[in-house]
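Both complexes shown next keep chain A, but they swap its partner, so chain B is in the first and chain C is in the second.
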Partner chain A sequence: MIDHLPVLLVVLPILGGAVPLVVSLLHERAGWAVATLTVAGQVALAGLLAWTVETSGTVSYEVGGFAAPYGIELVVDGLSAAVALLVAVVALGVLAYARHAGPRSNSFYSLYLLLVAGLTGMSVTGDVFNLYVFLEITGLAAYGLVASGDEAKSAVAALKYLIIGTVGASLYLLGVGYLLAATGTLNMADLAGKLGSMAAYDSTLVLTAFGLMVGGLTVKVALFPLHTWQPDAYANAPDTVSAFISALVSTVSAYALARLLFSVFTVEFLSAVPIARWALLGLACVSVVTGSALAVSQSSVQRMLAYSSVSQFGLVVAGFTVGTPMAVVGASVHLLGHAVMKGGLFAATGVIERKTGATTLNGYAGMGSRVPVTAGAFSVLALAMVGVPPAIGFVGKWFIVFGAVKAEIWPVVVVLLASTLLTLAYFARLVERLYFAEATIHADEQADATADVPADATVADGSGRAVSTGMVAVVVAAAVLAVALTAAVPAFEQVLNETLPQLLTQ
Partner chain B sequence: MLGLLDSHYNYVAVMLLLGIGLYMLVESRNLVKKVIGMNVFQTGIFLFFITLAFRAGGNPPIIEDGGGPYVSPLPHVLILTAIVVGVSLTAVALALLIRIYTEYGTLDEDKLKQLYYD
Partner chain C sequence: MSGEDRPGLYVESTIIMTTVRVVAPFVLTFALFVMFHGANSPGGGFQGGVIAGSVIMMLAFAYGIDSTREWVDVRVVATLASGGVLLFAAIGLGTILLGGNFLEYHLYERFISHATAYGIELVELGIGGIVASVVIGLFFLLAAGYGHAVDTPEAEE
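For the complex of A and B:
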């Protein structure tokens, strides 16, 4: 069984996802229990897989027993094991949040598990077409989850997400077609060997394939100017879904982008075709600056956090594109760290909104004393995102900047340093409001506003206004992790060094 | 130019489908037509893959007495998968459209925008 770990990791949530729909015939509220059991198993499997990779190196698996370049291969190295583990752990954390925050229908948990399956599949696959299939599974589940909100707006946001996301994935598929035409293979390792020898790096065919595939994935990552689906989707989805999607969907897409850069096109391609590298660096830097500027101009806290993701993913992609070992480690650390921090921040906005009704920057004024624990965790996460040591946000950014300095790409260094200031600009403002401003929403006013809903009642659809200990605990756990993960960085760097030698010892 | 049309007409069709699909997606104000445009765009990609598999004088890839050369079976298999994905996406999109129509009573993009931002 242990030999089949990589494929079990994908099969388990798919099978688990079918269960709640069947159980619906007997019981209406069994979804949460089924999902929790499945995801707990998922955490165990992903942990076991990560441990195997750490002790005995890269694991590869031939699905159905078809030999590698012809059949589909799953390849798990240090980076993919870390992403798969992150997906499982965050999914479990968000379930603890969803217990009380809802939605509670069985079909919601089916979609939830389908999304876990898609994300895990994206992180373990070693085949470019298989990656497309998992990209679409992820997409389909994410569109459904965004639309699961009660408000009419969530359907509109989901449709916008669907149309833009489908175009992105289709462009990626078109790129796969160009690669297939150039080399006749779809296996990532095989492609890496054949590109450059069978088809020159700077041939039109390969360049077009690169442009289409990277372009398609940047839509999913939500880099400026392809981010337009993202703030609507994050802000209009239910809180549970915003926390889950903001933590994982763009993260795993950015991981896929890195996989494409390093395992398919390889670093040699980037150095042989400087224009491709500069184009991607340019896009990333524009994304960093514009994302921050848009974040500063928002009044809704959730939209601000969404635009902050645009900027942070610019940073991650810039780190990967710089391509020096240090920058790549930094980008990987920031990728994982950002997932924990952003998921925690969205979860915190949900708690604060339920407790106080505050959703905007002005509404947050003076809330530090109303919701002390959540506000404290929120501030820790915000400062971690800015990059205050010893939080994980600091380590990631430090490595990326150091890598860029070593590669002597000065414009990028300037943008990266400026990005820290810009991040401070929107988060410091918020933390200052939380603690040092006169409250604009008062407890008694709010009591009137929600008088028709008893404090601990749950509305028929399951979105109760009350806050459970579990929800606060998730936010606090994210804040603790955002600092504690720093201790794991040396071990992570070690594993990356061992399993990605072609990448890190140039 | 005409020679190209004669020898590469499949690729011309691919480009036309991609272009028309993308144009409908961007320009049409009706959301249903946007979804149709999305389908046309994907069909262009399907045709592109199938064209890749072609080889002059190739037989169907079934090993029999006749022997090769065979057309490549791989793109056909890939596109079968992609068609399934496309159908599921259309289904989800139409379900969302039904919900939007019951909530807002319109599928016109401009009217929807006004209602959406109120």
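For the complex of A and C:
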């Protein structure tokens, strides 16, 4: 049983995803229950897997019993186990949110579980082509989920996401083809050994493969010039979906990028080909600055959060590219922390919109007293994102900056510090509106658009716009986690140091 | 778009109906041929499934989309999709129960000779079922136009 955990982790949500389709013939609303059962099982399996990795090191699994470089291998080290666990936990949290917020169709939950399967598959695979397959499963499920909103805007956003996302995935596949041509293998560990010996690091073939694969993945991560799908997809999807994909899809793509950098191309490639490292660092830094600048200039809160992701992922990629052990740990911590914080922030915007109708920066004015619990959690999450200690956002950024200082890459240090100020600029403005500004939307004015809900109650009166306890609980749980996860950082760092020695020792 | 505001596009034609009736069994056989040859030659569940799905499309052109929609029950399509996934998973998980890894086909050798070939072919059949049902579902969704799209329970897998 324990041996089969990596593959069970992928098979379970796929199996669960097939069930709602059949059940829909018998029962209209069984999707949520099926999804919750499946994801609860997923959390248990992922927890067990993480525990196994923590106690006995990297786990690998040969699918079909085919020996490793030829068959598909699943490899789970500290980082992949953490990402797989994050996927399962966030999926469960968002389900608690979706219980009341909908969408409620059975096919929605099929897609939801398919997305969980794709994301988990991306986290545990040890094969670059298999990674592409899961990247496509993730992408297709995410397009479908974005389109599941009732408004025409969601369909347009999904179409845009589909076109740009497919181009990204195709670039990645093209890069895989180049790598296969250069080395004749698709297994990550095997590739790491053959690159540099069979094909020189600076040969045109390898460089092109690197450019295509990294370029394809940065589309999925949504770094600056390639981020254009992302604000529309996040802002126009139903808020359940926004919370889910903003927390996980880019996160797992960034994880895949890290895996590519360290397990396929390795740190030696980055030092042997400085231009590749500088190009990626440059892209990341531009993304940090432009993402923040665009976020400051948004009036819609959800779009602001979306652009904030562009900037934060710039930070994460910069951390990975700096490549010193400390920066890598920092980037991993920030990657996971950002997922919790951003998912929580999007869930909070959903709650605030349902309760008060506020969606813009001006609309948020004075809402601190109307929705005290949610606004409080929102502020905690926002400050955690800025990097106020003792939140997880602080630890991640601190390690990244410290790693960059140690590596003496000063331009990156400057950008990272400036980015914190810019993050403060847009989040502080929002928190200031929430608590210290005169309200622009009053409870009596919004009766036409939303159900009137007493300011501090979390009643579910079934009007469809009301907020359930589960939804608020998810936001609060995210805020608590954003602070509490800091305590887990030393253990996480130790696991990373034990299971990723080849990438963390230089 | 669909029939209420203007007369339907469907024209009954004896030639088309007869041709489709003759050709359909052959196309379905060819679909199975392609699916079964996925193990050791070009072909497989994806291509075969699309061919199988195209049979329904041919029927729709010959006999009209609405009557085909009534004939092909949505339950059949949903069962085909889920059944394909469950078949694949059952074969994969069965080998774990027999003490091997996921999809380690040769462990079925104790029940049946050439287990690897049969295992792969069953998996291809499962994939074929999924692909065919998704193609059929997409075809009906597109044929329904925008207004009906909401209440069809097919997901794009």
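Everything below uses one rule, namely that the second predicted complex is superposed on the first by the 490 of 506 C-alpha atoms of A that agree within 3 Å, B and C clash if a C-alpha of one lies under 4 Å from a C-alpha of the other, contacts with A are read in each partner's own complex, and residues count from 1 in each chain.
Basically, contacts are C-beta pairs under 8 Å (C-beta built on N, C-alpha and C of every residue); 3 or more make two chains touch, one makes a residue touch a chain.
This structure is a prediction, so every number in the text was calculated from the model and none was measured.
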Name the contact category of A:Gly177: first (chain B only), second (chain C only), both, or neither.
first
Between chain B and chain C, whom does A:Val156 touch in the aligned arrangement: first, second, both, or neither?
first
Which holds for A:Leu140: it touches chain B only (first), chain C only (second), both, or neither?
both
Between chain B (first) and chain C (second), which does A:Leu417 come into contact with in this model arrangement: first, second, both, or neither?
neither
Tell me the contact category for A:Thr166 with respect to chain B and chain C: first, second, both or neither.
first
Could you say whether A:Ala487 touches chain B, chain C, both of them, or neither, answering first, second, both or neither?
neither
Is A:Leu21 touching the first partner chain B, the second partner chain C, both, or neither of them?
second
Using the superposition on chain A as set up above, list the residues of chain A that contact both chain B and chain C.
140, 144
Complex contacts: residues of chain A adjacent to chain B:
129, 132-133, 136, 139-140, 143-144, 147, 152-153, 155-156, 158-159, 162-163, 166-167, 170, 173-174, 177, 180-181, 186
List the residues on chain A that touch chain C in their complex, please.
4, 7, 11, 14-15, 17-19, 21-22, 24-25, 61-65, 105-107, 110-111, 114, 140, 144
In the complex, chain B touches chain A at residues 22, 25, 31, 34-35, 38, 41-42, 45, 48-49, 52, 74-75, 78, 81-82, 85, 88-89, 92-93, 96-97, 99-100, 103-104, 112, 116
Considering only the defined contacts, which chain C positions touch chain A in the complex?
75, 78-79, 81-82, 85-86, 89, 92-93, 96, 100-106, 153-157
